[in-house]
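Structure first, then comments.
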Amino acid sequence: MANSKYEYVRTFEQSDILLPNTWIVVRIDGRGFHKLSDRYAFEKPNDRRALDLMNVAAVEVLKDLPDLAIAYGVSDEYSFIFHPSCELFERRSAKLVTTIVSTFTAHYVYQWSNYFPDTPLQSPYLPSFDGRAVVYPTTRNLRDYMSWRQVDCHINNLYNTTFWNMVLKGGMSNTDAERELQGTVSSDKNEILFKRFGINYNNEENIYKKGSVVFRQYQLEETKAESVSKTSQDLGEEETAAPENVSKSQQEKIRKLRRKAQVVVEHVDITKDDFWEQRPWILSGKPGKLPAEV
Amino acid sequence: MANSKYEYVRTFEQSDILLPNTWIVVRIDGRGFHKLSDRYAFEKPNDRRALDLMNVAAVEVLKDLPDLAIAYGVSDEYSFIFHPSCELFERRSAKLVTTIVSTFTAHYVYQWSNYFPDTPLQSPYLPSFDGRAVVYPTTRNLRDYMSWRQVDCHINNLYNTTFWNMVLKGGMSNTDAERELQGTVSSDKNEILFKRFGINYNNEENIYKKGSVVFRQYQLEETKAESVSKTSQDLGEEETAAPENVSKSQQEKIRKLRRKAQVVVEHVDITKDDFWEQRPWILSGKPGKLPAEV
Amino acid sequence: MANSKYEYVRTFEQSDILLPNTWIVVRIDGRGFHKLSDRYAFEKPNDRRALDLMNVAAVEVLKDLPDLAIAYGVSDEYSFIFHPSCELFERRSAKLVTTIVSTFTAHYVYQWSNYFPDTPLQSPYLPSFDGRAVVYPTTRNLRDYMSWRQVDCHINNLYNTTFWNMVLKGGMSNTDAERELQGTVSSDKNEILFKRFGINYNNEENIYKKGSVVFRQYQLEETKAESVSKTSQDLGEEETAAPENVSKSQQEKIRKLRRKAQVVVEHVDITKDDFWEQRPWILSGKPGKLPAEV
Amino acid sequence: MANSKYEYVRTFEQSDILLPNTWIVVRIDGRGFHKLSDRYAFEKPNDRRALDLMNVAAVEVLKDLPDLAIAYGVSDEYSFIFHPSCELFERRSAKLVTTIVSTFTAHYVYQWSNYFPDTPLQSPYLPSFDGRAVVYPTTRNLRDYMSWRQVDCHINNLYNTTFWNMVLKGGMSNTDAERELQGTVSSDKNEILFKRFGINYNNEENIYKKGSVVFRQYQLEETKAESVSKTSQDLGEEETAAPENVSKSQQEKIRKLRRKAQVVVEHVDITKDDFWEQRPWILSGKPGKLPAEV
């Protein structure tokens, strides 16, 4: 029995293939996490358990999708990056985004009880995430995107740390704290923290100040002085090979190499050149050397 | 501290707003469910627990998103339908698709242990789903889409029921069964089932033959003979009001009314007019009458 | 000699196929026609030669593309409409839009000297047009689009007629006339025209008040009272046949029938039902009866 | 009088903004030029008048749109290139493509009689062009696109030159010539030309062998040996400044500078580095030095 009478409806699907040879950024965000964090009593200004849960889910996504080059997470959002040479799912936008969103959600829900043993999830109040894909033509644009998110992390964390200290330790109302912070600059907030609460913001934990960077670990490259300036200058440089030049079997081989690498989470500065120069495999898309076994 | 130096990267996001006044179909599919069903020992040809789990997740999605008009599920796929008047998330495609995929995944993982108490999920082998949005301009196109999926359900289920009986009860190898079924039509399969295994396909359960239809329950309308032909003839007719004619507050009011209705799962024929005429609220987008309380 | 080394660049072309079963509107606009009308001394408020030139170019476009159902022009803009069943150029947006823009431009430039014999075109000050495609899901949406343009025509023409009479006959400066008209409604402008210049706006030529409607001429259908209300009510009704149902050879046959019909220009009301009921071939996409030969 | 009742139809227009920081290629092609060249008796294999007419139209397009960096033409097609920093028409695809197609068509029709004084255009057989936009993320991709078109020019011209000599001078039928050429490589065709017709393909005119390159002329830069290799190596390097960094007034200033430069047509090799190194303003997007006035 054929299904031909109705099958014409398939022609209504429209192509959503992302431009070749561009960086693909899939950013996901918690849906209604303000309410969710109230319901499950997340700690303020940062709940370490919630961040660790985000990170473990992100690590699983990177393990599941060897095509991913790097990811960056802060608060209830995570950005996952595919290299310009990525051909996964023929670069179909919806397929890439939903695969990441769904895999992330599955691990987040599955691992919840390991991180919040005392506050089990209660249906229908389950965590969920939305997402979108954006493409960037050059490495400079990609690095600026990453810097944008990390600078945002810093701005928000300094604000939140100050705000919640004023409220929780200083006994101020939310409204009063908000009003006092309006129009302040970074140094003002640093001063409030130090003078009123004896807190040196620089000593706060890096996971809060820098967010979380997730990537495959290979042997670090040494950074030479001259290479720094060179890289800095050539940042726009792209992998110029035509997409066709990497065969399907080569791609599969690269995927296997990537699966062997350990996926790690670090809380480091990614706005500077150092991070990228020491880990050239992230921007090059070519697997590095596995750490020597002893 | 401003973030202006990097903020330009936001301009790279491209609009993905779906055409107004069209039906939005979001179809999600299990990723690698062939492997998954092996790992967790799903029963063949149909695993009732797995279908019930799909359905409970779909019901939660409809409860969470009152804008949804109806959903249809078969095997490891589900189609969720928004009415042409839907303005949720400004009709942004990625936002609509990822919200559904993520909410569905969360409930599927969360409820797993209720349906598979003896085969708990094991990381990293977690279920996940991908998805995409397609829009349809007319009610005829939408109904043809729904019929396409239900006819597909029937074709696949008849095949699978025959195949697995030949293998499991008939002791044939997969290859032999496949070869014998090649080129057969429905009546051939019905005969195999009946003659060899004493199975009358018509007596199989509707959940397997018809799939699952999920919608809000209001009082059914009576179907009159004349109305049948009329509806049949006017099927292309659309809600012609301009999108602006429904104010935001009216939309919110409609959402509240919808939340009051019970979300039900039925296993019925949706290729004929009857289903749609008795439940005019699905195609009209206007809430029906709640069942009278006794 | 192969070209394979560079041919990969073709993969960067992205699909721009318009949604099936929707009305396609291609609207073109004169580029910088304010300057152009000054340079070639167009008459104010309307230059009949310029409008006739627009119309002759539009007629040639309809003759060249039998897939076009109707067109509507006002001032230096023209809207060309393809029926939902149109499969021309596989419905590729750029191909449809550029073909219309280029064909229109070619005839406009070619015919210029017939309409402006005393003011020949001077390079590089040549007329040109830009364009875009928009799709509409229902006939109601399409007719509202057409009404939008015709109501716009009326609003602008009443304003311009009043303004230029105040300036050219009334001796006012542009600024003074503009200031006086600010905030006026239709009846105010009608009164200014009548009291100061003895002009009854209703007696102005229809080409200025109604714009120009271009379509293929067949035998008009009689409009019955009941049919009026019916059509009015069923306006959202679509051609519901699947695109596949019309074969390529049938399409070619329809094209030939259409080429036989005369393309006419009329200046009539298209906001009411009458126009569309008398010419059912426009919305149905099926050629009417050719006028009886005597 | 307001137009609000119908104005909602504007919301159906969908965004078509091209990805920022990418090269925009608008390629236009003659519609049905095979027939057209027969009707107006174009010479075979190349009609110098037709190519000169294409080129003069392209030059006018570059003069009209200072944002254009370069154009390349062969046969009845032309590619126009905008720099990644281009913000013209907010990078709306349809607007960019139709403006180029229409301006090109206007000049082509207007200038026809200067190049074909003995075969005037006859309505409705007017030349027209279709077009499309494609974006390329890196300079390497852009240069590969340009090389693709120029290599195609060479392949086609060698074939056509051989074919038409076999037919016109050799007295062969089209079918016989086609059959003999099937499967031949370049050297075969060179030999046929030389042995049978005494033609050294290398001595053919460059306009036929290389196509036409159109750009703004500034003082050429000297090419140093080391710079050659450097450029070659850094080809993927992009203009990395954020789009915002160039203000609107700066853009206008750059446009004025560009208008002062002469637009020239050359028939040179653009697949090698030399062309691009000597004219760095094309890839940099920054105007060069105007030739010293004597």
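Letters A, B, C and D mark the chains as written, and numbering starts fresh at 1 in each.
One rule holds in what follows: a residue touches a chain if its C-beta (ideal position, glycine included) is under 8 Å from a C-beta of that chain, and two chains touch if they have at least 3 such contacts.
Protein names from UniProt, one per chain: A, B, C, D = tRNA(His) guanylyltransferase.
Every value quoted in this text rests on a predicted model; they were computed, and no experiment measured them.
Between chain B and chain D, the least number of touching-chain steps is 1.
Of the two chain pairs examined here, A-B and A-D, it is A-B that is joined by more C-beta pairs in contact. Inter-chain spacing, taken between the CA centroids of chain A and chain B, is 32 Å.
Taking each chain's centre as the mean of its C-alpha atoms, chain A lies 42 Å from chain D. Within chain A, residues 5, 8-9, 12, 14, 19-21, 135-136, 141, 144, 242 each touch two or more of the remaining chains.
Every residue of chain B that touches chain C in the complex is listed here, in rising order: 19-22, 84, 135-138, 140-141, 144, 234-240, 242. Chain C makes touch with chain A in their complex at residues 5, 8-9, 11-12, 14-15, 17, 19-21, 242-244. Residues 1, 3, 5-10, 12-14, 16, 28, 31, 60, 63-64, 93-95, 97-99, 101-103, 105-111, 121, 123-124, 126-136, 141, 144-145, 147-148, 151-152, 154-155, 158, 185-186 of chain A are the ones that touch chain B when the two sit in their complex.
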